[in-house]
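Shared between the two complexes below is chain A, which has chain B as its partner in the first and chain C in the second.
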Partner chain A sequence: MNPFALIIIMLTVVLGTLIVMTSSHWLMVWIGFEMNMLAIIPILMKKYNPRSMEACTKYFLTQATASMLLMLAITINLVHSGQWSTMKPLDPTASIVMTLAMAMKLGLAPFHFWVPEVAQGIQLSSGLILLTWQKLAPMSILYQISPTINSTLILTLSILSVAVGGWGGLNQTQLRKIMAYSSIAHMGWMTAAMMFSPMMALLNLVIYIILTTTTLMMFMMNSTTTTLSLSHTWNKTPLLTTAILATLLSLGGLPPLSGFLPKWMIIQELTKNDNIILPTFMVITALLNLFFYMRLTYSTSLTTFPSTNNMKLKWQLNPTKTTIYLPPLIILSTLILPLSPMLILLE
Partner chain B sequence: MLKIILPTIMLIPLTWLSKNSMVWINTTAHSFMITLLGLPLLNQFNDNSLNMSLTYFSDSLSTPLLMLSMWLLPLMIIASQFHLTKESYTRKKLYITMLIMLQIFLIMTFTATELIFFYILFEATLVPTLIIITRWGGQTERLNAGLYFLFYTLVGSLPLLIALIYTQNTTGSLNILLTQHWSKPLAESWSNNLLWLACMMAFMVKMPLYGLHLWLPKAHVEAPIAGSMVLAAVLLKLGGYGMLRITVMLNPTTSSMAYPFMMLSLWGMIMTSSICLRQTDLKSLIAYSSVSHMALVIVAIMIQTPWSYMGATALMIAHGLTSSMLFCLANSNYERIHSRTMILARGLQTILPLMAAWWLAASLTNLALPPSINLIGELFVVMSTFSWSSLSIVLMGINITITALYSLYMLIMTQRGKQTPHINNLPPSYTRENTLMAMHLLPLLLLSMNPKIILGTLY
Partner chain C sequence: MNLFTSSMLLTLLILMMPVMMSNLNIYTKSSYPNYVKTMVSYAFMTSLIPTIIFIQSGQDMVISNWHWMTIQTMKLTLSFKLDYFSMIFMPVALFVTWSIMEFSLWYMHSDPNINRFFKYLLMFLITMMILVTANNLFQLFIGWEGVGIMSFMLIGWWFGRADANTAALQAILYNRIGDVGLLMAMAWFLFNLNTWELQQIFSLNPTNTNLPLAGLLLAATGKSAQFGLHPWLPSAMEGPTPVSALLHSSTMVVAGIFLLIRFYPLTENNKTIQTMMLCLGAITTLFTAICALTQNDIKKIVAFSTSSQLGLMMVTVGINQPHLAFLHICTHAFFKAMLFMCSGSIIHSLGDEQDIRKMGGLYKTLPFTTTALITGSLALTGTPFLTGFYSKDLIIESINTSYTNAWALMLTLIATSLTAVYSTRIIYFALMGQPRFPTLILINENNPLLMNPIKRLLMGSIFAGFLISNNITPMTVPQMTMPTHLKMTAIMITLLGFTVALELSLATQNLKFKSPSNSTKFSTLLGYFPTTMHRLQPFLNLLASQKVASMILDLTWLENILPKSISAFQMSTSTMISTQKGQIKLYFLSFLITLALTLLTLKYI
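On to the complex of A and B.
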């Protein structure tokens, strides 16, 4: 894409999200979402082929519907409370509709059907923006309305999401679909935390963004989109196999890696509020997630996956991809757990 | 405790920065030195613990296990030298790094004061072990073995995390030193029964309990020698150690909830011993023998009497050393004939007489010959189980008999009799292997002279 156009479009995406996060007028929030969505459509369409057009269309339709639901919620809130300020508590009906709108934007079950298909149809770099940056705006809205969220609704969304994220990813070999189901499951954890401690949901979001960015950047470095091509990493960049192992295990939530920290904190918040069955269910379904990450690590790092002989004779060319962000991201995504006492600063 | 943990962490730069010809020498020598560093910890008080800091402490229960795991690291490194000869130096250093990482986590686990810290490190020991089994194991079945190992342990231990956090919210602290004195009796209710189950299942899977033991033969058989050694010697004892620590908080629910697990263990020890008699795979035999011995430990911990706790602790240490020695012996066979089938290499006593002496010693300690510490452990457990219920002496007696049967079966099958003709040109024992066996046997013999140090907190 023309660099000038790309800069303007990326800035519009960022501006849209910032407008959502910082406005005090509900109409500006809606405008921010629309700006964000319209600007990201060209980014999703970096390659002109029918598959990306299909992905963009699905994304546009679901996000536009969600924005309309958001407008409905704003209007209901206006009717009941007579004002547009985001600082005031929302009317309960408006809160339900707005939560549903945000669920559609985030890709929570049962509104998750677009996530794997959109993630699959686009480039890896666009997938990175879709799965990380696009979660910031809806989560900030959920954070702002969290005192008034209907707990039954968000509990249902959360339970369905962790279940769908776990079981849905089991049958996938395409890496982008695997990351999409991983995103659904992690969103489920975040909304469960949102009920009791929005701060822990934000912690989960931050660590999830770091982990997903690391994973997708490693995939981009290898230019791989399938498990089979990921299994050739030992030939291209052997050092990356260890990094992929560590990051995927961290995504699965294994101690002592960073990915365990949000799960631990969320379980702590839930049990402090006498919720025992919910975290038990959530951790067991997180094991399903761990299973398909383990499958990826098995094919990539822990075994030499069977491949044809001419795949083993790759040309070792000079690397041209920018990998400067990868080392600090890998460190952040695996070694943050000893820093967990710093969470006391959040009090 | 940092004086032990920091040197162990620094073993990793030592591995990577050593000259290629000095890697094995450096790591073995320095890990032996770290073991020496830990010996003063054995000077324990009778009724108190050595409290190093807010995070680390060592009492008479954790110190023998800590010493066992520290003693085992150099032995694991010695044992791995042969099967890694063909690998590149980077891979050798990676393997040693995995062993050292496992050691760091184990040291921290056995000395952790707070139970959630213990939990995080308990889970953390899974990752290096999984990598050792899956990446460096021998056969294709190792993939399945790694998955079984990881998921059995995780399904058991995630409810433990929730139970620990719940207990911290209700009692205020999970510090082991405090819960000994603060723990209130749990009321009789369904939710407290579920809490007991959540706390114990993680350790039951790790021990393993008879019904949940499927991961163990797979993992032990498929792991390389260092993996088998550390699994049998130390990782199983993590379960026992955890159970011994956490039952302090779970009275009096244990006396009512323990029955199914005691039945499973009492029956399971006979079942697994009997399976040993029908095994063709040498490592599988030793793996099932581990299940059988650990079932005794589970029975002892469930009874909760002073003698049974002493027996459990002694049995854990004794079994750790014996089982690790048996795996080393099986590996010395495997390195020569590249097969784990027992009947392929028979009559080894004629060809390798010194190794036959080690085989004899290991088999005798496995069947709990007096005056070894194996006997002390088993005897205490049998006596305390008899006082709990007179009928159990029948089951225990049958178990001891069958243990003797399969240990002698293993000994006679591999060492005695006419040798199979094709083993005539096996290479003789290396000094490395003899050192390994002597290093395993010496603690066993020396501890028999002063078993006080391994009898745990209730001595």
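On to the complex of A and C.
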């Protein structure tokens, strides 16, 4: 793409999200969402083929519907309270509709159908933006309306999401779809935490963004989109196999890696509020997530899969891609757990 | 007094002599069986002395010899009770045994182990005497078990034959089930009355005797082949004919009834047990009579006849007439043993042929056996003034005139007429008509070893009823007056049975044999009892246990419940969730439905 156009489009995406996060007038929030959505469509369409078109179309339709629902919620709030300020508590009906709108934007179940398909149809870098940056704006809105969210609704969304994220990912070999289901599951964890302690939801969001960025960048380094090509990593960049192992296990939430930190905090918050069954169920379905990450690590790092005999020594060649951000991200995504006492600053 | 005691003990000692001789290897002369037979006859003579003393003076005796042990407050001794029942039974049993031993000298003369055979018979007799003269339940139990074991050894005499071993085991198993009842009764007596002595039990006269009497009833069911524990008796015909004659017609199988008779002071106060005995006996007598109708083995017919008569004895005990039942035991021994011996004579003469369909026309060739067989059958059916009449007719009269269960009475009467039917069947098939056996057989019954015992028992079958019933002390008042039709019931239905059977046999003898009807199958297969109990029950048990062990435990619990079900569930759920059609209209539909449902439920619950 023309670099000028690319810069303008990326800046619009960023601007849209920032407008959403910082505005105090509900109409500006809506405008920010629309800007964000319209600007990201060309990014999703980097490659001109029907698959990308289809993915873009689906993404556009669902996000536009969600924005419409957001408008509906704002209007209901206006009718009931007569003002547009985001600082004031929402009317219950408006809160329900807005929660559903945000759920559609995030890709929570039962609105999750578009996430794997859109993720599969686009480039890895577009998928990176889709799965990480696009989650910031809706989460910020959820954070702002968190006092008035109907708890039944959000817990139902969260339970369904973790279940769908767990079971849906079991049947996949395409890496983009795996990351899509992983995002659905993590969104479920975040919304569950939103009920009791929105700060922990934000913590989960931050760590999730770091982990997903690391993973997708590692995938982008070898341009792998399937498990099969991922299993050839030992041939191309042997060092990456270790990193993939550590990052994927962290994504699955294993202590002592940093992916464990949000889960631990969320479970603590839930049990402090006398919720026992919900965190048990969430942890058990997180095991399903862990299982398919482990499957990836099994074929990638733990065993040496066979490859064609032509290029057994690709690792000797000089790498061409620049991976300047990868090392700090890997460190961040695996070793943050000892910093957890710093969370006391949040109190 | 001294003559009574000493002659009694002398009898028992005479019986023990041959056993001790053979154990100590003192007797070296060749004819040990003859020696045994002679000793039994001497014992019979000697046992007549105490019997006559008892009849003349009416005195009972209890000989309490040796103090065995004392368990806390209960004293166990070796004590013999010489009262009405044991004094009259002993000579009868010894007489019958003497005749049977002489018969088996002829029957088993070609057997290489004939010495051992006679020793077993003698040991059986000794244990039977112990049982009959026991004064405490412990000694009775010794005799009880003894007759059971000797029955096992003797039924399985020809142990090379698999059927004989099975029959012996079957006898042991069924008797064992009855032994449980006897042990339960012994335990109850021990706990509640602190004694096993019969005198103490009767003088204490306990009131709630349901449990021990039910136990005794179970023991009698096992030992005397009442319905439910009866299949062992026809199977026991695998043993040699002398064994069938001694054990399974006269002596061992009456031990159960004898036990119930011994306890008559307790049963006469317990109406429940009397009703149970009555009904059980009635079912037994009719069921086994039906089974006897279609048997083709001559020994099996006589065995079922024994079973039917045992049912009749149980019925008699059930209407509270123990002395009549005892009288029937004594008279039944004579003609039943003789019937078995006649069967043995026929079997041996025809070259070991037991199937009545292959006999016939023996009327002319075995005249003496024919005489004895017909006389025995007439005595069995209760022909007036033969032996059976004095006991059987009295029993039928008592049932008819007592305040009892009409259904049980009906069954007993039908069984009585069936007695005549199957007796006619034996006579018709074995003795009348044209011969159906191969022609190259030497039929010779002129052996005195065969004829003398049958002669003696023939005299007994004719006169013993008269002699015994006129000489015993009357313990109960017989029914003196009754309407004519009740008095003539027994003989009328017997005549009816004879007539019908003879007419049917003569009318159908030349007809083609049709495939059997359901009633015939019922009778031939012994009421399906062995089929269900011996085959179906173990099969179901083993099948259930195999299913439990392999299917339920291994396959289901250990494999399917957690591992396979979890993995199957996960796979099905993941395929269900991740297969999407990709049509956006479906997605919008799901959004719409979710939206509508959420608003409805959360706003307007």
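By definition in this document, the second predicted complex is superposed on the first by the 340 of 347 C-alpha atoms of A that agree within 3 Å, B and C clash if a C-alpha of one lies under 4 Å from a C-alpha of the other, contacts with A are read in each partner's own complex, and residues count from 1 in each chain.
Convention: contacts are C-beta pairs under 8 Å (C-beta built on N, C-alpha and C of every residue); 3 or more make two chains touch, one makes a residue touch a chain.
Fair warning: this is a prediction, and the values are worked out from it, not measured in the lab.
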For the three-chain model obtained by superposing on chain A, do chain B and chain C clash or fit? fit
Please indicate which partner A:Leu254 is in contact with in the superposed arrangement: first for chain B, second for chain C, both, or neither. first
After lining up the shared chain so the two structures overlap, which partner does A:Leu61 touch, if you call chain B first and chain C second: first, second, both or neither? second
Take the Cα centre of chain A as the vertex and report the angle out to the centres of chain B and chain C, nearest 10 degrees. 50
Which partner does A:Ile284 contact after superposing on A: first (chain B), second (chain C), both, neither? first
Could you say whether A:Ile96 touches chain B, chain C, both of them, or neither, answering first, second, both or neither? second
Would you give the minimum C-alpha distance from chain B to chain C, in Å, for the three-chain superposition? 9
Chain B and chain C contact sites that coincide on chain A, given as residue numbers: none
Residues of chain A touching chain C in the complex: 57-58, 61-62, 65, 69, 92-93, 96-97, 100, 104, 110-111, 113-114, 116-117, 150, 152-153, 164, 167-172, 181, 288
If you look only at chain B, which of its residues touch chain A in the complex? 105, 119-121, 123-124, 126-127, 131, 134-135, 143, 146-147, 150-151, 154-155, 158-159, 161-162, 165-166, 169
Footprint of chain A on chain C - complex, ascending: 570-571, 573-580, 582, 584, 586-588, 590-591, 594-595, 598-599, 602-603
Residues on chain A engaged by chain B in the complex (per definition of touch): 245, 249, 254-256, 260, 264, 267-268, 271-272, 276, 279-280, 283-284, 286-287, 290-291, 294, 298, 301-303, 337
